[in-house]
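Common to both upcoming complexes is subunit A, partnered first by subunit B, then by subunit C.
Up next is the complex of A and B:
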């Protein structure tokens, strides 16, 4: 196994090798290089502005992972995922700002890390609550029940009640320096980036692990054929709710991460459009693929960012462009989705797979 | 609960008593009885619409009969859901292939092991350690017991929906076997196969029925009379939801009612060869 660069020279002698993740030296080198860029290259070398963009990519990817799990792997279409992100963000904020932590926890900077986990678990259970209808309904009907999650959670509970706790009006302010992780104060884009990179890496590992063990297979089985899945001993309702829990957990983590990246938290950060946006991300990236989620987030955030760069010089001649930028962004989102559905319905992940396959065999044609 | 009343009922693995199943006012099953002995291949035959698949679905739990009882190893299982019945050891294949199209052959068969695995979301998300050991054990079982038996080594990493029909049928059998069932429901395992594939499949069914390792009791729904008469221990004949007769293949072949309802006057059952 070691020292093999191309898969065609790679012969496995144990099942453990055959099921391993990074099978050839080439892939190992590639992945280590990728991690090095992610953990050292970007935070140390990239300009502050692009680190901020990378944070947005990470946040989008964290949110979209949960959507990917529900839509891409379990076949449960959801249009209310922003609700669970919001629940995570609010849980974490309330814990950090208002929970009477023991002195040593605050001293060691553990209140935020603990709140991230609690936010995940709470958002997970919140998600299960709105996943309950999935026991009975499928497809289009489920879209509506998940949209109910969005409106009940964000527009009603959070806006009307939660965000008024403490009489602050609509927003919780999170001045720089509120968020600590251990001895570090998270007050710059580069520090936020590290929080994001660690969280996202852990989430991707967890998701990939789940998908190669019992729960993940059960989810894919439910997506592909729920009748056969039940006949083979899968408790469909239980596994659907488990999918909602894990997706909500990921959403909660994403929300808890988001509060490190914002100075004030308000329900407007989690509009219904954000739920829709996350679905767009996985459509463009590739439904049913983890790296598709990352590709989709990269594409959406970076393209929108470039669009901004294109609009700024043009606005000299046509100033209204800048004012209307929000609408331009939305139309670009719509156009991108249309283009992908027509020309590459399997998403960027499929293109990536094709390129990889081509180079697996290169220079031979088969 | 009707535990074994008489001696000899111990060998009866599955018993249907007066099972009725209606769809609206159509009686798909009108009071059918069936007793399947352990270790047998018990076939169900009959013309289209006779209620064969409905019967399978009732045994498996996809349908709930309105009247009558189903006993599995002396235990009434009417109220159990399909996944609970699978845990008791009832596995099945489907008439129209119901594989998990997006998964590889290996993953499909791995899924058949579902009820034997213990991984939860916590151990699954960590993977290293307990789950990895369990996955490797599963893989070993699948490779040595199922892939080897069904001779599908070369396609183990292929995505299922790309495979030809005959191989898909074989994978479906493998998936049902991975459950390590005691009772296997085979719903037309030979439909749509070519001659060679029919011979292979019949051989596999006999293997899993007879080999010491498996000893699986099979209920077989099939239209290929040649195979049915060759490999079955008993044959149940259904027509419009009614049982015409239940007997050995020889008895069935010479029963005038059966010939009238299904087999026809000529030696059609001899084979399609």
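Up next is the complex of A and C:
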């Protein structure tokens, strides 16, 4: 590791230095500080309300990571990712509520953690199933097959069949106290926050490591030019399916997390709208960057919260604004996507990069 | 047998409306290479605008004409405000702008018109079915089909024989060459969006007559996507044939498969069929096969 600052210009001597995560002491300090804020600062100091908001940010980011992997790194446009999140959520719920776990597993509170992993794997394979056409079709035609995933999974299989299991009708109720992780009962926003923070951190680490190793390079090659990638000896079908698997796996984890954050699970939590929302999140954050995904989630969730605050005083004069706030939110989201694509097509991640560069190169930017 | 025949005919009739909406889709795609995912919402807007005019006491045909005018205005506005700035940008951005637009339109429609189902009152078409031989057809379907076909013919004729239509085709073929020949690409794109709004608007008005107007019209508008892909994204006859095939498929699965898979098999079937179909014909029936080089 080099010193506190990386001098102007690149001075890496080896590839491992070049690929290193924490290249200077400054970055290391910064990241440790960030982790400290994430794991100690927010849950201990922030008010309960904002911890709840942070949970939404985390859930959005987890879902969007998979979309980022598919769209941003492999160039496979997906408009059906909510389906895989839903599969994960339902797998996890069914495992927790209805699977005949051996006594010791329930006793040690392992059923939820195990169900998270199983949910991820199952959602991954479900995603591969709908990724199969990507071997042959691409571009607009692929959009359709991913949409098919959404409608077939959520609107048909989950709504009509899975929701009926146990004769409960439409929703599975998950009363607080159902979800245990080890000795802890996940029943408050702060505890949910810790589940979220651990999962999200692990997912980001896994994704970043995948992207700087062989599969990641193969994905980027496929995104940039799939024919050239094939000519270079990359098995594009295998790597596309692998991308679908990993994205579905992340989606499944996000879904499994979501059940700790909700009191009842119903297919309405995963509409097509949510798939589009996730794509919007990565567009606003920046396509092809992991921290862009996080920025996008932060922006979308926090800005929408602030928008709600802005609407409350206005609703004194026009109460419909607050009653129909969900629709205002949709419209604002749509406009935000359009505005970002027109005026800041590289997303928030690019803006962040510019700010960082400004300070890195200060005071002589040449 | 009777049931089969009736299912088929209803399918063809509904398919006509799908074909109309599908045509709007294909037109935009052909002119600008953009897959317009806001089409469902355009259909929705069409349905609500027609309904509003109709409730003001304007006869249905006139209301549809007014919807066409509103559609043209909205189409031009949308193009000028949002899409004009994106000429030359990557296609994914343009597609996602249409997604953003669909969010925007949907939110606005829900905000201003609410989410309750509203019907055309008094009904535009007679409720008593018409008997043709053994088959009973409700007049809504029949008239919708006729109107859809008339509009289809007008649109196709416009596209093939008028100066504007030809300049649109030229732009679709090669934008640079068209520009050098004095075709205004901006005008062509604006016109494409206006036409898309118009065809979606009429489609919406007709669909609204069948099941009442609510937010699910937008979903029906989305069902057109399988129709478009089935025909091939850049084929006008493909859009028409695809629309009718999807209509038939939907009704057949609704009649015969519903007993085995209760629930929404009718809504899902087009998408499921499409996903499998694309495995065998990745460019639809008559879509251009793109030969790719490094």
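Convention: the second predicted complex is superposed on the first by the 352 of 366 C-alpha atoms of A that agree within 3 Å, B and C clash if a C-alpha of one lies under 4 Å from a C-alpha of the other, contacts with A are read in each partner's own complex, and residues count from 1 in each chain.
By our rule, a residue touches a chain if its C-beta (ideal position, glycine included) is under 8 Å from a C-beta of that chain, and two chains touch if they have at least 3 such contacts.
Source: prediction; values computed, not measured.
In the three-chain model built by superposing on subunit A, subunit B and subunit C fit together without any clash. When both complexes are overlaid on chain A, the residue A:314 reaches neither subunit B nor subunit C. Put simply, more of the residues of subunit A are touched by C, taking subunit B and subunit C as the two choices. Applying the stated contact rule after C-alpha superposition, one finds that A:306 touches neither subunit B nor subunit C. In the superposed pair of complexes, A:165 makes contact with neither subunit B nor subunit C.
Once the two complexes are overlaid on the shared chain, A:34 sits clear of subunit B and of subunit C alike. Put simply, the three-chain overlay gives an angle of 80° at subunit A, taking C-alpha centres for subunit B and subunit C and rounding to the nearest 10. Of the two partner chains placed around the shared chain by superposition, subunit B and subunit C are both touched by A:225. Figure legend note: subunit B and subunit C, brought together by superposition on chain A, show a least Cα distance of 5 Å. Residues 225, 227-228, 231 of subunit A lie in contact with subunit B in one complex and with subunit C in the other. Contact residues on subunit B toward subunit A in their complex (touch as defined above): 60-62, 81-83, 86-87, 91-92, 94, 98-103, 107, 110-112, 114-115, 117-121, 123-127, 131-132, 134-136, 139-140, 143, 175-176, 179. Across the complex, subunit C meets subunit A through its residues 35, 37, 82, 85-86, 89, 92-93, 95-97, 99-108, 110-111, 225-226, 229, 233, 261-265, 267-268, 271-272, 274-275, 278-279, 282-284, 292-294. Subunit A contributes residues 71, 77, 79, 130, 132-133, 136-137, 140-141, 143-145, 147-149, 151-152, 155-156, 159-161, 225, 227-228, 231, 273, 276, 279-280, 283, 287, 320, 324, 326-338, 341-342, 345 to its touches with subunit C in the complex. By the touch criterion given at the top, residues 15-16, 18-19, 206-207, 209-210, 212-218, 220-221, 223-225, 227-236, 242, 245-246, 288 of subunit A touch subunit B in their complex.
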